[in-house]
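Letters A, B and C mark the chains as written, and numbering starts fresh at 1 in each.
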Amino acid sequence: MRRWIKFVGLAFTSLTGLACLIIVAMLAIILGNIAVHGWPRLSWEFITGQPRAGMTAGGIFPAIFGTAALVLLMTLAVVPLGVAAAIYLHEYAWQGSKLVHVVRLALANLAGVPAIVFGLFGLGFCIKFVGAGMDRAFFGGALAFGQPCILWAALTLAVLTLPTVVVATEEALRAVPRSYREVAYAAGATRWQVVRYVVLPQSVSGILTGTILAVSRGAGEVAPIMFTGAAYYLPYLPVKLNDQFMELGYHIYVLTTQSPDVEATKPILYATVFVLLVLTFALNLTAVLIRSRIRRRLRAG
Amino acid sequence: MTMKPLVATLAVALLLSGCASRTEEDTIVLYGRENNSGTYMYFKEHVLDKADFASQVQTLPGTAAVINAVSKDRRSIGYGGIGYVKGVRTVPVKKDADSPAVEPTLQNVVSGSYPISRYLYFYTVHEPEGALRHFAAWVLSDEGQEVCQKVGYYPLPPEWRGRVKSGGARTERKTITVKGSDTMVILGQRWAEHYMAKFPGTVVQVTGGGSGTGIAALINGATDLCQSSRPLDEKERGQIRARFGKDPVEIPVAMDGLAIFVHDSNPLMAISLAELKAIYTGKVRTWRELGSAGR
Amino acid sequence: MDRPGDELLLKGRRRIVETLLETAVRSSAVLVIAALVLIFVFVAKEALPLLTSGDVHKEVTPWTMLRQQQDGEFVWQPVSEKPKYSLPPLLVGTLKVSVVALLIAIPLAILAAIFTSEFAPQQLRELVKPVVELLAGIPSVVIGFFALMVVATWLQDAFGFIFRLNAITAGIGLSLAVIPIVFTVAEDALSAVPQTFRDGSLALGANRWQTAWRVVLPAATPGVFAACVLGFGRAVGETMIVLMASGNAAVMSFDPRESFRSFSATIAAELGEVVYGSPHYHVLFFIGAFLFVITFLLNLAGHWYVGRLRARLEGKLKA
């Protein structure tokens, strides 16, 4: 009987280990397949050049630039807001209050909203409401901001990544030992002084993690930007807030479905996917490493 | 705790597999375009006689995606603009059962003997002026039509090319927004590339999304020029009239044969319009039913 | 109640500054709620004419969307001589692919979570969790690309599917997006079970797997269930993977080997072409509002279960 239990135990344990292995294998297969097909086409010219000959030659620089500009704008919007909200939740608010409860509920739900609904939000609120209103008020009815552009796409993505930043910041704030704060309060510091001079400096790496994760998410999402600003072929780079932009993820989607010559664009397609993957991968890996360093420090200290 | 979920899962799995699949071994696998596409609309109007597509047509967002799918699927059939065809076989089309089967070549499309050929259009709200007019005139010129051929479409017959007379003054840096047909997006983009290389100072930006998208943008006032692989219908003309007080300006800019493609291994020799309609409305479901006439 | 740094103890300018700052951070928190509310309000606002406008009702009403459209068939053909809006094929499609994805993702993710929290040594745990987070970081457009280009061909060669793009292909891609969520929540739930539970079980003579299977897992059931619910919410809302790999055919069939069309892919595919203000436009926003409500409810349910878990564990400890 005991041997039977031991056998089942072993089988069960290996089953769970196998599940882990399968998941790791899935990741490896995707990365491997894309790397193998995408690496050969990669070159300096590819990253810095313009697309040519109907996307069958040349590079993807405008898409890279557009993605970078988009994500930069998004970060400028989401990080201050997210960090401030997290500071309120953790440093200022009384934990039992109704407001805290509702905010946390809202955050959890915001994280679960489908990406395409964010796209609808961008269209219905940013473009058709705020943008159209701005056009009426400041531009005398001309079409300036009441159309898809990088500003609205960035704002839409900012709302999408807000939960990521808030959660990561809160985790960072929680990691700062209470004793630090208590010492500061005892010395007569005000709440803001404690936050500004004691807590925040200690939480920088955690906030950075959150920012990096948000950037990675923002660079990868396509559905929210499909109707709020991304374009397939633009002969210029986005320089004004109401310009449209090319973007890596959207470029992949369009190339997969609309390229003129499927065989000719396949190498470019794979290479573009590879670039996007390497980008998000590098960002995620950095964030993960920073986070595990923080957690290790937390456990030790 | 463990047995009940297991039994439930097994039951569900059996149920699912037991759901007798209505698909037979030699089912014709249908590929088509999304409903925002001019190609979709054109096919619906001229081949299906406005009937509805069968629900099992798999809709893909671009002719290239359709070709990609057909090239991998030996039971499949698809339709799309002639300019994209690579890696699949095009099937000659018969107007009706007694006509000869016609290949979608340049002569046949221009002469009209290929039964499903169409014009590709530019639409604007107002008569083109200034930079827009210069661009449109260039597209209709020999240079522009040559680009059209290089991309794989067919140029307009010469007598059609005078629609927009050149002479528009290219004022200082102006941006021309072009939106619409996915069928035409590559063409539009190549035109833009060549035009901007020849006449620096004007910026032409091209996005796709389907003829329907371009037309909607034109109605919404969000684009200068709409590329469309089908003519505007009465409802859309009415919307432009309602919004701008006049009819839209229609400028044919190229010709296109709507090609029918099948997998390389498919021996289908020819297909008639009636057979295409029967297949795409779901009345004929298998290759066998299609009959020996094709094989 | 005097809290440290209480503003009431401050005087003059310092007090003004502190109050201003507190208002600023509180407003940021309130903005979070506002964002969520705004999303729902503006999506619902564009969907409202479907319920109220007579013009729209000439073409479609909420009731006709649930019924068969013609010849006893459920048809979704909004661009047509006579537009037909029938939701059931889309609903069936969405559910079909979600079920396939969950059937793959839930066993894998939960077993892996058990391994990570119960059996794995510390170093392995430090390896698996980041790997899963990396999986979560893969953009869904990349997964969709992979499913369309590679998985579809593999499956067709292996199983001889008639339709290359079907619920199984899309479901496999979708499961890659769902696994991280189910894994993370389940693993958190299992880790939250106090060590005393395990120690007690081992002390009574059970071995590691008996402890995991019969003590820890049942204790964490609400959390694990929450993981499944949240995974389901993710599956229902995912757009890009389904848009690229499903075939987008609005077929009313439960067979996973056939193509299908889901709610989110329908919105993504058709939103570009609708004329602002047309009945089609309002229907698409209606579907969007519907998706929002469903995922909202699923999220609420998920977090309620996590709360239940916490209460249960704390409750048991008290007793």
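We adopt the following convention: contacts are C-beta pairs under 8 Å (C-beta built on N, C-alpha and C of every residue); 3 or more make two chains touch, one makes a residue touch a chain.
Since the structure is predicted, the reported quantities are computational estimates derived from the model, not experimental observations.
K.L.:
Can you list every chain in contact with both chain B and chain C?
P.N.:
A
K.L.:
Count the C-beta pairs in contact for every pair of chains, then give the pair with the highest total.
P.N.:
So the pair of chains linked by the most contacts is A-C.
K.L.:
Counting only Cα atoms for the centres, state how far chain A is from chain B in Å.
P.N.:
Centre separation, chain A to chain B: 35 Å.
K.L.:
At what distance in angstrom does the C-alpha mean of chain C lie from that of chain A?
P.N.:
Roughly 17 Å, centre to centre.
K.L.:
Provide the list of chain B residues touching at least two other chains, using ranges where the numbers run on.
P.N.:
60-61
K.L.:
Give the residues of chain C touching no fewer than two other chains, as numbers and ranges.
P.N.:
272, 276
K.L.:
Would you mind listing the residues of chain A that make contact with two or more other chains?
P.N.:
Answer for chain A, listing residues that touch two or more other chains: 256-257.
K.L.:
Using the touch rule from the top, collect the residues of chain A that touch chain B in their complex.
P.N.:
For this pair, the touching residues of chain A are 52, 54-55, 143, 147, 231-236, 244, 254, 256-263.
K.L.:
Give every residue of chain B touching chain C within the complex, in rising order.
P.N.:
1, 9, 16, 19, 21-23, 25, 27, 29, 34-36, 40-41, 44, 50, 52-53, 55-61, 69, 72-73, 75-76, 209-210, 212-213, 215-216, 219-220, 239
K.L.:
Mind pulling up the chain C residues that touch chain B in the complex?
P.N.:
Interface residues on the chain C side: 73, 75-81, 84, 89, 103, 152-153, 156, 162-165, 218, 243, 247-259, 261, 269-270, 272-276.
K.L.:
In their complex, what parts of chain B are in touch with chain A?
P.N.:
Residues in contact with chain A: 60-65, 67-68, 71, 83-84, 86-87, 151-152, 182, 185-186, 189-190, 192-193, 196, 203-208, 221-222.
K.L.:
Which chain A residues qualify as touching chain C in the complex?
P.N.:
The touching residues are 5-6, 8-10, 12-13, 15-20, 22-24, 26-27, 30, 33-34, 80-82, 84-85, 87-89, 91-93, 99, 102-103, 105-121, 123-125, 128-129, 159, 162, 166, 181-182, 185-186, 189-194, 213, 216-217, 219-223, 226-227, 249, 252-253, 256-257, 269, 273, 276-277, 280-281, 283-285, 288, 292.
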